[in-house]
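In the two assemblies presented below, subunit A is common to both, partnered first by subunit B and then by subunit C.
Entry: the complex of A and B
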């Protein structure tokens, strides 16, 4: 962990300094005033409310969207991954097809498609469900990530030696039981780093949800620029970049550490 | 011994054919094993020995012929679900041990009886501990397979097979991956089992061991059984020239 901690400290300080230097370069003597303006807008950018009273917008919305999208993609991607390694041609072929379609769809296109594919609301079981921009954003991001999770699942399962399947079968285990009891518990160590990378990618991708009209950090940033003036645009976008970096960088470091640990254990 | 030999065979393969793609691996194999019998299959590598074992417990489907194990017609069992009762009766031990590395020794033994056969966990645990004592691994129940030597792992694998309370155990070159000094500890366990009347089918390169424990030896070459008979005949008076050539090389 030590090497990774060093890298983490170095990266955090380094990137912060680079962004600060950019800020100074652009704003010169005005930097102090710009920083004050950024501080004043921080609650809005982080939580979508001017005083941290709610956490429904801004950067908090990006986090919420990423967590829900990842949770949905984890469940759906595992199911799709099981389908992709099925022995039955009738299950395997459509699964592989769906995975390839989803994986090769540009995220932004899927998000735009959500605007038109999902109705504003649907009536089911006697109650009305409405698709808020937030829900459209979650579903739109979960779809391509599902394909990534399915690929990670398949790769992890294939990394487990075939002798494990053979001995489990000879003990009377059936296919799904083997996956659940024998193969997946061993494959998780191979899957975890890849799943974390997928999540970091998804988190960066939440910056695209602005097109669905969700109240994410980028849409708040645009509102702030509209009200405070285009003069602050550079500073605000640098600030948003910094927020994304601070969230994703630790994930990347943790991923590296886990990968190293898996390699050592083998 | 004599009344064993009169009973109906426990395993009977007739004219079994198996190909992988265009490569024919088994070209009409017939053999039978009586209840309590110890059979060794010897032959050059690639002659189909391991395939014979994998066909007996349904790990591989066959193209032609019949395989009967007890009351099961193996070639008619298609799904894993149908094969469960067969696998309860026919256990297998592999060259590479294939223990479950994420589970302790004890859990390796108890998993399948509890999860597949639905037996009482406390009773299975009791039995598993007795089996570990039998393979001389008392005290290792909480170790993980990765912490054991090859010989110890293979003995755990034998105990795991026994935990299913099978009628037959198939041994697929179980000493081939072991360091020489660990071979005898594994063979001793198998010898004990054979003496206790467990039906055993061994694919092996340990000719002296085959000679000692087997009551029948089958010699395979290029997908057929070339010669079979009691070990004394096979090893001392072989008739087939291929068997003679093979024994010249390995003995």
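Entry: the complex of A and C
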């Protein structure tokens, strides 16, 4: 953990200093006033409300979207991953195809496509569900991430020695039973770091939901810039960079630490 | 739901799409060049343990890897226009901004994927067998010569699989160019959507085009990898 802690300290302090230096370089003597303006807008950027009364927009919305998208992608990706290692040609080929298509498509294009592909509202079970921009954003982000999760799942399962499969087979387990009771419990340690990287990537990707009209941190930032003047644009974007960094960097460090631990244990 | 692709026959739309594909490819190529320059330089500085430069490189890598390329792009776009560097056009004598949207996109692609490339190339360098490095040293190569003639060529070949996905990621990320009004393929698509209202069809076509560009890139990288293969090192 020591090397990671050092890196964490270096990264946090260093990046904060670099961003602060950039702020001072751009604004010079005005820095104090700009910082005050940033402080006044902090609640809006973080929670989407001017006084932290609700957490429906801003950076909180990014976190909510990322968690829902990851939850959907985890379920769908596991199913797709099981399909990709299926013995039946009829299941394996389409699964691999779907995975490749989803993995190679730009997130922005998928998000745009979801805007138009998903209906405004659907009627099911006698009630009407409407697709808000946020739900469209969640589905649009979950799709490409599903492919990543499926790939991680397959990689993790393949990292478990084949002897485990054979011995479980000789004990009379069926294929799906082996997967559930023997292989996946052992594969989870290989999957965890990669899943965390996938989540960090997804979180970075949530910056794109600004195009769906969801109330995320970038659309709040744009509103703030529109009301306070383009002069503040640099400062606001520096602040948003800092927010994303503070959220994603600890995940990256934790991932590296877990990877080290898995490697040492082998 | 019926899909109507008849708008594709319009020569104007074809021109927009083709020009957009050209711009996207140019953006991606320039971004890749910058990515390799940053990746190799950064990995070399970290690998050779250059004093006083290791920490700045680490901070640079962590900053650009852990923040969204879109925010980086907006930041570059607004900061560089705030500083307001301009060039004098020799033909018209007018002043044009040095950092246009296009330049900012190339910069942000190069910086984000370059920061990832630093890590990729560095782990490729670490995967070079120690015996090979020691062999080169015992033949009298200096530390720099070993790096230049032994470690880097082998390390780059070792890093081909993760680098392929990084290149695909760069091509995918280039679609954000539309958000700073660079006339790439997404821009052409939005123009067509505004005129025809065939939103879904246009988006599906763009999706397919991006898949084709990404697959083409993967094929090219495979060809290059096969041409430069050294038997015994990597696959």
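In this text, the second predicted complex is superposed on the first by the 266 of 266 C-alpha atoms of A that agree within 3 Å, B and C clash if a C-alpha of one lies under 4 Å from a C-alpha of the other, contacts with A are read in each partner's own complex, and residues count from 1 in each chain.
Heads up, the rule we're going with is that contacts are C-beta pairs under 8 Å (C-beta built on N, C-alpha and C of every residue); 3 or more make two chains touch, one makes a residue touch a chain.
Everything quoted here is computed from the prediction, not taken from an experiment.
In the superposition on chain A, A:244 contacts subunit C only, with no contact to subunit B.
Judged by the touch definition given at the top, the superposed model places A:40 against neither subunit B nor subunit C.
When the two complexes are overlaid on their common chain A, residue A:181 makes contact with subunit B while staying clear of subunit C.
Legend: residue contacts after superposition of the two complexes on their common chain; A:3 is shown touching neither subunit B nor subunit C. Among subunit B and subunit C, the chain that touches a larger number of residues in subunit A is C. Note: no residue of subunit A belongs to the subunit B contact set and to the subunit C contact set alike, using the contact criterion stated above. By the touch criterion given at the top, residues 57, 59, 80-81, 83-84, 87-88, 90-92, 94, 96, 98-102, 111-112, 115-117, 157, 160, 164 of subunit B touch subunit A in their complex. Across the interface of their complex, subunit C is touched by residues 7, 10-11, 14-15, 18-19, 22, 26, 101, 104-110, 112-113, 115-117, 200, 204-208, 210-211, 218, 230-231, 233-234, 237-238, 240-241, 244-245, 248-249, 252 of subunit A. Every residue of subunit C that touches subunit A in the complex is listed here, in rising order: 55-56, 58-59, 62-63, 65-72, 74-75, 78-79, 82-83, 168, 171-173, 175-176, 178-179, 186, 199-200, 203-204, 206-207, 210-211, 214-215.
Considering their complex, residues 161, 163-164, 166-175, 177, 181-182, 185-186 of subunit A touch subunit B.
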